[in-house]
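I am attaching a structure below and will ask some questions about it afterwards.
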């Protein structure tokens, strides 16, 4: 990889391209021939029932795991042929919001959000603090109130926001959300969804939003993909999805919309 | 990640703990080192021994019972390299330099055993002031420890001889105690005692008579000094004779100067044992004396005669006093 | 039996012996891979100094009290037990020797390691385990941080540095514990007791002239034990699966495995050290 890692890859390459990705875990086929593309600036929602392999797919995109078969390109680079250093550089341009927030529980909110900044930049402390405050304000948190709190002292929704702040603090090219609204009340869910839309508009990032909440998906995504038992049974726009004749798509839509 | 604050309490605690442990460690090294005498200048001496007797490196070296160093090395000397037959082991001693002046050429090293656990150590005896000092690398003369095995071997011969003698003696005394033989009767039969009492009575009155100066040689011997002056004269001539004897002149002189007589005497002593046995077996005169009663009777008769003779002496003393002469 | 038709074409199932041998081999391989990667990360940049100090505090300062109590009572009971035996020979003056030698060579390192494993090793495994199951380890990796460098190296170094430090404290306190019993219960003089402690420790000899061999033994062992404690805790912590329940299992496994490894290593290390130093 010859590039400096910032805004990596050629402009016309898709942000993520997965081809025939297959992975077995614990003797079970978790992903089976998954192929999709995410173009720059686009937002893709990946829907699916619990255990369908959504988180696993995100881990593959981050190169936290390797597929048994198939290949994933991130910004045009095939992950299987990247060195460890290359992967670290690629990850700098990706922000990930984990399903359980994954905040470092021994660190304050300030330290959590500052973490990637300290890792990636040589900014002096006051400037880092400035960036952290700014980022916290983007996710609608009061910096002076929360910066010295520990993650355990925050509510689930606030933890999600801090997690989002940590992901966007180094201004990545792509954001990956794993269930950003999981386990939250409808009102918080809506504000988080609005936050995601706002972030895409303000920062112009590509995004993959993994969710089993169909409303969130239809609300935030340009395109929707549906995973069922490790296979992608549908990829298309929300409108196309509603039109789909596939039994499972209709079942999923119906179940999700009536509950 | 860069250091955010100058020094936190956590870091200070860790530092204090590490410092405390290092201090304890340094104290330990010091005390153990002092016990092992590693501080202060040392010099090395070598001592050659027949056997290391289990001495190991690290064993104490003492000077007159005072710890002054340690055994540094114990090595076997190959047979070709031995300067003295039997000196098979070279022991290198590391000794404190401050006692160097005490170790002289006449100092001796020897292996000792100390304490309940039988620790081996080397003790060096202090040298005498006029002997020259030993310096580093010199060889210290060793004294072989007493070989108990050899001592035991020699002692066991003597002990068995002693046992034989004691056994013989005990059977002898046993028979005496039973009143057998002359000696037995002597102890157990009161007749002899009674006779002796009457004998001493007669002797007493005889002596009283002599003392009174009733004339006769014996009383003159006591009351007249002529004999003394003559004896002085004789002593003078005796003196010249002894001088000649010690120069080895004459047969008496040979007796004193040569040891042949002594050898025959000690040979005779060696035979005493078998003699004693033969006595016990009743062989010969002495044997019979011990084993048979006739001797007792003889002795008794003699005493009766002696008593009669004394009685006569009292009546007629002059008949019995022999003329006085020294030679 | 391999000719039986119904088995043809099916994947062969390993017997339990072969299966457990295989998994033991895989685990050993993983364990040493972790060690190798940690060592490589230790000697390259970046180095997380703050995390190292924090771990040294967690391992060292937090274990200080249990280590002091362990040392004190061990020293006291050693003196007491040996007194019973030695009084019969009138040899109570040798108590210092017994306490000094056993503490510095064996009991100090081993007991400290076992106590610290229980106190700090379990905590390490649980902390890393909960970081693993809450995806914090993944988060680290996502943000360009090598979890081995950031999580394992400071813990490994903290174990390797603090274990000898704590062992020195244990040894010291244990000797003092023996001293208490010797003076108070057995009417020995303190000087006599301490003299016999020092005397026995110098008997094994010195290396580099001033360093008692017994001290080297007593300090090399805790370095190894500290490494084993930390590495085992990190290994089980980082491979935690199955939520909060898995965290508890990992902590238990870490303590059991490192205790056994410490005792086994103690034997072999003693053998090696005796061969190297004493002969």
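We just call them A, B and C in the order they show up, numbering each chain from 1.
In the analysis below, a residue touches a chain if its C-beta (ideal position, glycine included) is under 8 Å from a C-beta of that chain, and two chains touch if they have at least 3 such contacts.
Computed from a predicted model, the values in this text were never measured in an experiment.
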Of all other chains, the one whose Cα centre sits farthest from subunit B: A
Innermost chain, where centres are averages of C-alpha coordinates: C
Distance from the mean Cα position of subunit C to that of subunit B, given in whole angstrom: 64
Gap in Å, rounded to a whole number, between the CA centres of subunit B and subunit A: 105
Separation of mean Cα positions, subunit C and subunit A [Å, integer]: 42
For subunit C, residues that touch 2 or more chains besides their own: none
Shared interface positions of subunit B, touching two or more other chains: 1, 4
Interface hub residues of subunit A, defined as touching at least two other chains: 119
Interfacial residue positions of subunit A with respect to subunit C in the complex: 59, 62, 64, 88-89, 91-92, 94, 96, 98-105, 115-116, 119-120
Contacting residues of subunit B [partner subunit C, same complex]: 1, 3-4, 8, 10-11, 13-14, 17-18, 20-22, 24-25, 28-29, 31-36, 38-39, 57-58, 116-117
Subunit B-facing residues of subunit C, complex: 46, 48-51, 53-54, 56-57, 60-61, 64, 89, 91, 94, 161-162, 164-166, 168-169, 171-172, 194-195, 198-199, 201-206, 209-212, 214-215, 219
Contact footprint of subunit A on subunit C as seen in their complex: 130-131, 134-136, 138-139, 141-145
